[in-house]
Amino acid sequence: MLKYFVSRMLMLIPMILIISFIVFIGLEFAPADPLTAMISPDQMSSMTLEDMEAMRESLGLNAPMLVRYGRWLVNLLKGDMGFSIVTGTPITNIISNLLPSTIKLTFAALLVSTFMGLLFGILSAIKSNSAIDYISSVLGVIGISMPEFFIGILALLAFAIRLRWFPAQGRTDVGLGAFGSIKYLVLPACSLGLVLAAALMRYTRNAMLDVLNKDYVKTARAKGLPEWKVYYKHAFRNSLMPISVLICLRLPMLIGGSVVIEQVFGYAGIGSRLLTAINAGDYQLVLVIVLLLSIVSLLASVFIDLLTALLDPRVRLGGDIGGAK
Amino acid sequence: MNNQNEARDVLLDLKNIKKYYPIQAGIFRKTVGHVKAVDDVSLYVKKGETLGLVGESGCGKTTLGKCIVRLHRPTSGELRYKFGNKYRNLLSLNKKESLDARKKIQMVFQDPYSSLNPVKNIFTAFDEPLKIHGWSNADERKDRIAELLESVNLRADYMYRYPNEFSGGQRQRICIARAMCVNPELIVCDEPVSALDVSIQAQVLNLMKDLQKELGLTYVFIAHDLSVVEYMSDRIAVMYLGKVVELASAKRLYYHFEHPYTEALLSAIPIPKIGGEKRQRIVLEGDVPSPANPPAGCRFHTRCHKSMDICKTQAPTFRPLKNDPDHMVACHLADTADA
Amino acid sequence: MNKQDYILSIKDLKTQFKVGKRIVKAVDGVTLDVRRGKTLGLVGESGCGKSVTAHSIMQLLPKAATIVDGEIQFRPKDKPEFNILKYKRTDKKLRSMRGKQISMIFQDPMSSLNPVYRVGDQIVENIRQHENISKKQAIKKTVDMLKMLSIPMAEERIKDYPHQFSGGMKQRVMIAMGLISDPELLIADEPTTALDVTIQAQILDLMRHMQDQLGFTIIIITHNMGIVADMADDIAVMYMGKIMEYGTKEDIFLRPSHPYTKALLKSVPVLGNGGNERLEPIRGNTPDPSEMPEGCSFMPRCDMATEACNKAAPNVDIGGGHMVRCWHSKGGAPHE
Amino acid sequence: MATALVTKQKRIKKSSLAKRNLQKLLNNKLAVLGLFIVVTMILLCIAAPLLTPYDPGKISLFERDSAPGGEHIFGTDKLGRDVFARILYGGRISILIGLSGALGGMILGVVIGSLCGFFGGILDAIFVKVAELVSIVPQLLLVLILSTIIGPGVPNLIYVFIFTGWVATFRLVRGRFFSLREESFVEACRAFGIGSLSIAFKHILPNCLGPVAVQLTLNTAGFILQEAALSFLGLGVPTGVPTWGNIMNAAKEIITITESPWLWIPTGVAIALFVLGVNFFGDGLRDVLDPSQL
């Protein structure tokens, strides 16, 4: 298992490097002066054109691309992400303020969707071809067919504006306890999670039906186990593995969706900041956010992958999956 | 050797065929060992005979069969085949010769369900090989296909049907007809009836026997079921863990087996008869060892009921018996010519 | 014979499958008695309904299947007999019977064990489902059973996962699981089909050995006439959902009376005959089970078929419980 | 002989695989419903000039923000443009983007996937890594950077979708190839000496097309949703071009959400309905092509 873990982690490094390189190239093509992104605006205002040229030289901005990439990467690792060319604030500050909110949002959405997806997926598999199955199947297709933001707007209109159960806009951590901020989280997380929940439900149903046809489920019944134990202990546990593959696959979409949902609800996260940055042409900030969100999605996928590997002794104990023949 | 081949009318001569698969591990796919699927097998097949290859799963019989058809390339060894009256190594042919050799050696596969492309009708399945092998006239091809289908007792107009419209037995007959469409001399039959129901097996086996007689075909017949192999074959080679351990005529093998593995195999097969002489049952212990890590010495010694000390260290060579040079055994106990 | 001599009596069992809009009569009126302490071989080709019959006894059928008619009387020792089909498949009564009084092992040992649990735990689960004993005792019982089935290093191996076992070893584990609660009836559904011949011999030997020691009844389901000749005391030959012939091993092999049984015996090569005798195949194909012929289901392939065969054949006792379902066996001897 | 040939010809028609699958598809109620929705909506969009007299881009300041009813079925937007006309004309572009993005991605994925799946080796290893990379970066973000770099516009968005959308098809085709190339019918082809490319494209590939078609529907649905999301954010197609996403863009403000629901609800429903149709059809297709179902 340790070997698997280590090799999985080692594989992350080249991935992150390549993503960061692509992002760096994007930065190269961005129509903005890199200098403005590297110097604090206070310092900049007191500089002459000659000073700036000298600065450029001393900062190595005229160096070959690969060298600059290396330097940029080292700076990133040190936590120095440069400055926003529009607002002039250090990007590190922006990130550390906003990234946690977004992670909180996506995590909540993941929880919501996993819970709902698994629950209804399992129910409709167990009661296949019943009314529950039929209704949830139809709702599932409708769910994956709705644009996230449309669900979001509808939810906003219904629960925040008409019913006033939740705040309509904005979110702030200041002065709010844990429960205070949950209020702002419920609608965005549910809207974001709904699409994934629908996809997950459809998938869980199929995975469960698949497992329920397996011989070992028959063995479990032949032992005289009660049905709930057959479902819970023998079927569900095995269907988790394919389900987690789907979650890993869909996770990037969830993170991408958070950008849209934050916009709908005016939720102050990194996603809505990303949009402002794009509209303002704040390329340095845009690319750093993209890089970070990609890394978050990468890490989360690996985490889920490892978690399921733990469930499967064939992976956990190493050796080939085929096992002893 | 060549004279001997001529004398025996040998069609195909396998010399020291080895097929090793590398085992790769780690991120860099380093080769950490080899699965010795076929390990130094020498056999010959006479024209017009059926050579049976029998053994349990993983003994390398299918791999050997696929090496003969050149679906796998042996790691080392020679495959000498008689073209006209000249022997050529099948592994060193140029492109044109190779295509020509493909016409001579064909194969029938185990699973009739996966042997036919589900999205192509039978006509297409036959048409392309015919085209490649020089049947340029479309009408002639169609007549040929009709003729082939009729030769395996199927209606000619079945050629426009798709595989899923046929039962397993019919499919296997189609596969046999397909293998014959290029007029091969040698057909390697890899477990052709093991996927079929018992009542259908006999249809296919008899059909194969009839075709052999009619067309003078040579078969290499691979199966795990010794009774089927015995029914079909003139000579039988018993394989264990990549090696041939015994080779004898089908008639002789049942009563005059020499190798303890053959003995165990024979005694393990349930016979659908009651009464008669009581057979002595030998139940082998344990499982077949992994071909990636075969035991030293004689590969069978870990399960052999007659194992001796020498078996653990020294691998017996595959030699003819003293009193019957056509009967070959790889066992220290056998009374072989040079022992 | 006394009713108590039969551990199981199946009467006119009918099990159907729904495939799309079609109804497939997989088991179409099976009547069968199983002698206590003996081995019954249920033999037939694929799709003949032998497996469905076995699964009907345990009520372990897939959802698409329904038992539409019939009666399965089970007579456990020292307990009142009961009709299995009276209970729903999830009924507590049936659950306490499964794995305790009747056990079942399946065709493919590779997929019959749950890959994510330790082998030992899967057997312990069976014990603790039916007996109120501590985990420690259950483990000890498991180890003892595995030792009886000559699994080397049983104490260590119960901690292994199924993928660490070979096929033959897995089937031993399945047998251990089946026998751990000391059942009265063991149903083995093609227990050796997925295994090599030498391993098959081990497993069959083991089953015989355990039966001698523990005295349970076996129903062995197979397509291999050799295995029934080897294992069974009584044999039932099935074709297209019906039992064509039923009798003792001697009845079936020495005095086969149904054309299907006879044809089946002539169509398999027998070791030692050296290809001298030409096999006599049964002509045609097994018909599609959803398009069963009217009358005798074997008629389209039968050499003896006459006008009479257009009507369903009667089940005739031709002497000493040797039952034959054929128009031509009336009065004991088939007339040409 | 002539009559025999005629009967043979008949058989070709009778047992053609495609025809039988079509028959099965037509028996699947949801698939037919899906197809009906999709075809109807496409026809409506194509026939837009016949259905509405209004020009989707024509600004009419006298009729700003008027509620549905009267001359404008779905009302007008803030610039007085007819919403119904905008939905119809917008559908043309949204569907075009979704379909052509998915088709392009499919072709790219099929070609790369079959080459990798059949030949394996280094080529395969490289593309697997590339695919992993493309799929791990949130697709929306990828589209975001790419459209930031190459700029907005309908063709650019299609390119971006092709570039990001080939991965699923690639994986699918590659996986099918890996399992199919071990099948006996492929070995039989090799035993006859049939060339590799012919085996790959003539024998194996046709067996992958079913799942590929299902994937095509999934991708079409996905891209239409993505276009809508991007344009909703104001980053997809330039705001002047009517697309479903651009129409929804107005609903970013709470005042629009509450006061002018006709601006966004019909459009949202149109998107959902079309995607639903595509998904129903795709589900039906999957059932029909599922070999486990007789």
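As written, the chain order gives the labels A, B, C and D, with residue 1 at the start of each chain.
The rule is short, and it goes like this: a residue touches a chain if its C-beta (ideal position, glycine included) is under 8 Å from a C-beta of that chain, and two chains touch if they have at least 3 such contacts.
Bear in mind the structure is a predicted one, so any value in this text is a computation, not a measurement.
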item	value
Set of chains whose contacts include both subunit D and subunit C	A, B
Chain pair showing more contacts of the two, B-C and A-C	B-C
Centre-of-Cα separation between subunit B and subunit A, whole angstrom	55
Interchain centroid distance [CA atoms averaged], subunit B/subunit C, Å	33
Euclidean distance of C-alpha centroids - subunit A vs subunit C, Å	53
Where subunit A and subunit D are represented by their mean Cα positions, the distance between them in whole Å	24
Contacts with 2+ other chains: residues of subunit A	324-325
In the complex, subunit A residues that touch subunit C	128, 213-216, 218-227, 234, 237-238, 311-314, 317, 321-325
Residues on subunit A engaged by subunit D in the complex (per definition of touch)	15, 18-19, 22-23, 26, 29-30, 141-142, 144-150, 153-154, 156-157, 161, 168-169, 249, 252-253, 255-257, 259-260, 263-264, 274-275, 278-279, 283, 286-287, 290, 293-294, 297-298, 301
Complex contacts: residues of subunit D adjacent to subunit A	132-133, 135-141, 144-145, 148-149, 221, 225, 228-229, 232-235, 248, 251-252, 254, 257-258, 261, 264, 268, 271-273, 275-276, 278-280, 283
Subunit B residues within the subunit C interface of the complex	56-57, 167, 169-170, 197-203, 205-206, 209, 224-228, 230-233, 250-251, 254, 264-275, 281, 283-285, 287-288, 303
Touch list for subunit B against partner subunit D, complex	66, 69-71, 98-99, 102, 105-107, 109-111, 114-121, 125, 128-129, 132-133, 157, 159-162, 165, 175, 178-179, 182
